[in-house]
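Quick one: the structure is below, and I'll ask about it shortly.
Just so it is clear, A, B, C and D label the chains in written order, and each chain counts residues from 1 on its own.
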Amino acid sequence: MRVSWLLSDVRRSVTRNRAGFLMTTAVQVVCLTLLGLFALASVGLARFTAEARRQIEIQAFLEPGADPAAVESRIGRIAGVAATRYVSSEEALADLRAELGADSTVLAVLEANPLPASIRVTLAAGAAGPEELADVERKLALLPGVAEVFSGAETLARLGRILRVLTLTTLAVILLSSLAVIFIAFSTVESSLRARSREIEIMELVGATRTAVRLPFIVEGGLQGLFSGLAAALLVLLLLAIARALLVPFPLPVGPVVAAGALLGLALGLSGSAFALGHLDQ
Amino acid sequence: MVRELDPAPPRADPTPAVEVENVSRLYGGNWPALTDISFRVERGDFVFILGATGAGKTTLLRMLYGADRPDTGSVRVLGWDVPTLAAGHLPELRKRIGIVFQDFKLLADRTVAGNLEFVLRAINTRPDLIPGRVNETLTRLGIIHRRDAWPEELSGGEQQKVSIARAFVKEPELILADEPTGNIDPRGSTDILNILKDYNYRGTTVVMATHNSDLALSSRRRCVTLDAGRVVRDEG
Amino acid sequence: MVRELDPAPPRADPTPAVEVENVSRLYGGNWPALTDISFRVERGDFVFILGATGAGKTTLLRMLYGADRPDTGSVRVLGWDVPTLAAGHLPELRKRIGIVFQDFKLLADRTVAGNLEFVLRAINTRPDLIPGRVNETLTRLGIIHRRDAWPEELSGGEQQKVSIARAFVKEPELILADEPTGNIDPRGSTDILNILKDYNYRGTTVVMATHNSDLALSSRRRCVTLDAGRVVRDEG
Amino acid sequence: MRVSWLLSDVRRSVTRNRAGFLMTTAVQVVCLTLLGLFALASVGLARFTAEARRQIEIQAFLEPGADPAAVESRIGRIAGVAATRYVSSEEALADLRAELGADSTVLAVLEANPLPASIRVTLAAGAAGPEELADVERKLALLPGVAEVFSGAETLARLGRILRVLTLTTLAVILLSSLAVIFIAFSTVESSLRARSREIEIMELVGATRTAVRLPFIVEGGLQGLFSGLAAALLVLLLLAIARALLVPFPLPVGPVVAAGALLGLALGLSGSAFALGHLDQ
């Protein structure tokens, strides 16, 4: 069967029920877009968590009268500490204000800056595991001049929990979306099979091979999936570009997203078609 | 006419075109459509299957192209054992058979020429050969002037001629024609018969089922007569 | 048989059943399917429309039930002026006409009885009358034993009988039968003709198109013969 | 045409393409659920804003040495003030801690409670307009013992802005969802028309009235819409019940939601069918 015949066959099939085809394709695009966004969000958060784990900072709050330079130099000598940074009381307040954002009006009523100065400690790359972290924290707490020690451990743990929830949600979304896309391809192909049952009958009776009879339907479902995958990839990229413009700049993974969208859409579309054709054999 | 794709088998082929032995077929377990049918058709023969409405003519032809299976008995066509033919090999057999369906089975959304092209494409004919073969066949059947008409724009007889043309356009080794003149007037029927004879002279085996015994008898060919699913006569 | 829903018109109805005057029909602007046709059929008459393949028989019948319109000329059926009939009134006319289509037009997803029921439901027949009428009609045509079969399980001739039964089951005032015996053997054809005559004796007007001039001539009824869209003979 | 024939006709049509029917109905349900949720959220927020406007509280922060009782009694005499309430420094901190939730760890490092005591002022129902609010605030600021005045005006304004955005979004969602539901009904009915073209042809040829030919399709589209509307209503109620269990108790508007869902679904389904049948007449 020639490619041009194949394509004209598929075009015939699609234009026969253009409205239905557009609608089901739109649903496929939505499903695949959801899938892509969740997958990218999971990957992004996983990367961010890993990065955060590397860049973890311990805060050693100073007692009111302590000499920052002295404490800082003693901290610098603890094993595993890579860098230290002095944050004054004023800087701390400014940070908090920035962090609270719109909620920072509550700070307007403060009569004096209640936040103490602190020294921020970064661990060496090789010593950022949970145990090393606990060890350094214990040593910091024992230093004279240090009032209290805060580590990002809790924040990190929270991030880890979010990451787990997000990953599970993503898996669910991937599963459901994939099933939906397969189901749509199935129903597209099945309705084509029904609409063209007369042609199929004649093809079989005049001696067309199994492949010649089935190929157009496989191609139809596959092309729909491919097209949906590509459209979803472009939509995901568009949303990422918007997010990038509104929030922080990050690199757009154009190639991988397009390739993944196309491959996934194609694979799911082909699976759906295969199911529908299995139906035909019975 | 040159056979470009399917070279004709050597004339003195030892296997008969059709060989039916002790075939029976019960529908729904109790409706005997065919009972103990046996006959053979040599390559190059022209045979009528005669019989009244419901005698079993269509059922018998359907056995020959594998659209139905006998409950008992054997069916061999062009050397293939049809009932046991694997699904993958059935197309090879059917490619060599031209079938005229009693109910035409034209595609309503393709023109006359489109219906013929559809068949040639389905069996993967070389694209450059298609227009020539289509036009030649339509000319032969006298409906080339309706080439671009849609089936619904044709009279009943014209539709029947298109369905005959669709069977011929494949240049088959064996033609199975099921009541090919039911919607055609007597003069037209004789013309169709002459075209069938013409193909037959060139070596194509023809099996034609009809209830029109006048037409069959006047053409002085062999007639296998069915009655209620049994062969009651085989002569000529 | 009792006419429960549509009381028969008084016998001496002044308007003829069919009145066709100077009707012409060009297809695609240049294909003259009908040229200047005129004839009338009185109520209670039995008339054959004879003609070869493509003579225009089907086209003429289609004018009578409003599926096609003449380019010029007038068509009156059962007193209605068909071409100018508003879409809302066409059903009233068609309800009184029983049509046997050349291509059967059976519904593949309903049984034999289901096909007849479908028609009675479509014209809103009282539900309690339906089974009786269906069985009576099927019995009359000798296919009551195939009552619950699907169309694809029927032979060509049996399908044709079902399509005839479907036209009769409405108990119409006028029967338009288009080639109703093309797939039926000679003896069966005579039977069908006798059933048509029987309906005719009871007052139903019958117009039957066929290319089978032997059948028509042997029944000694009036024959209107068409050739290439013109009336070339009107006798009997 | 008898009702039982009509229904069996519709059942035939639906079961012919069960997969497609289920899928399109599911999309309709999703659209109508979205529509319902947005509409309810808008109505809810509008009510909440109106209520908040009525219950607005002004915070008058006291100077460190001021006598709360004296200030409170003077405030009580200002025109438009309905009630006053004293909030101590400790209560204020507890409130802030509760408000920050997980973020409240930042408060752990405070050496002393930096929040001042305050008096919360509620205005009379008739005097809660923006102008009266500004007036009372100006008077409060002039009182001796009051360090600073905070009103909810800004929060209210923010709420108003959110309400505007949400209302616009809701209108867009209503429009798009309705169009989608109509389009789906259209394509359901059109595909039924295509599948049953043979039956339609025969019905017309044997003399069925226009109504008898068209009614089953109208009913099919209408029933699908009705069914989707009811399903969406139940889904919305389910989500509301969950929200109620998780957040605050509020009354479930069961009757109105079900009625609105049914009517809207039916109306949209019928519109789509009507379009498809218009197609048939051409």
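Here is the rule we use: a contact is a pair of C-beta atoms (placed from the backbone, for glycine too) under 8 Å apart; a residue touches a chain by one contact, two chains touch by 3 or more.
Not measured: the values here are computed from a predicted model.
Novice: So if I look at the partners of subunit A and the partners of subunit D, which chains show up in both lists?
Specialist: Correct list: empty, since no chain touches both.
Novice: Shortest hop count from subunit B to subunit C along touching chains?
Specialist: So the least number of steps between the two chains is 1.
Novice: Using C-alpha centres only, name the chain that sits farthest from subunit B.
Specialist: Looking at centroid distances, D is the chain farthest away.
Novice: Taking the mean of the C-alpha atoms as each chain's centre, how many Å separate subunit B from subunit D?
Specialist: Centre separation, subunit B to subunit D: 69 Å.
Novice: Taking the mean of the CA coordinates per chain, how far is subunit A from subunit B in Å?
Specialist: Taking the mean C-alpha position of each chain, the two centres sit 62 Å apart.
Novice: Which residues of subunit D are in contact with two or more other chains?
Specialist: There are none in subunit D.
Novice: Where in subunit B do residues touch two or more of the other chains?
Specialist: Within subunit B, no residue contacts more than one other chain.
Novice: What's the contact topology between the chains, one of line, ring, star, complete, other?
Specialist: ring
Novice: Any two chains that touch count here, so list every such pair.
Specialist: Touching chain pairs, listed by label, come out as A-B, A-D, B-C, C-D.
Novice: Using the touch definition from the top, list the residues of subunit C that touch subunit B in their complex.
Specialist: My answer: residues 27, 51-54, 57-58, 102-104, 153, 155-159, 161, 178-179, 182-188, 211-214.
Novice: In their complex, what parts of subunit A are in touch with subunit D?
Specialist: So the residues of subunit A in touch with subunit D come to 17, 19-20, 23-24, 27, 61, 64, 96, 99, 102-103, 105-106, 108-112, 114-116, 148, 150, 154, 158, 183-184, 186-187, 190-191, 194-195.
Novice: Which residues of subunit A touch subunit B in their complex?
Specialist: That would be residues 1-2, 5, 198-199, 201-210, 212-213 of subunit A.
Novice: Sort out for me which residues of subunit C touch subunit D in the complex.
Specialist: Interface residues on subunit C, with respect to subunit D: 65, 67, 87-88, 90-97, 99, 101, 105, 107, 118-119, 121-124, 127, 170.
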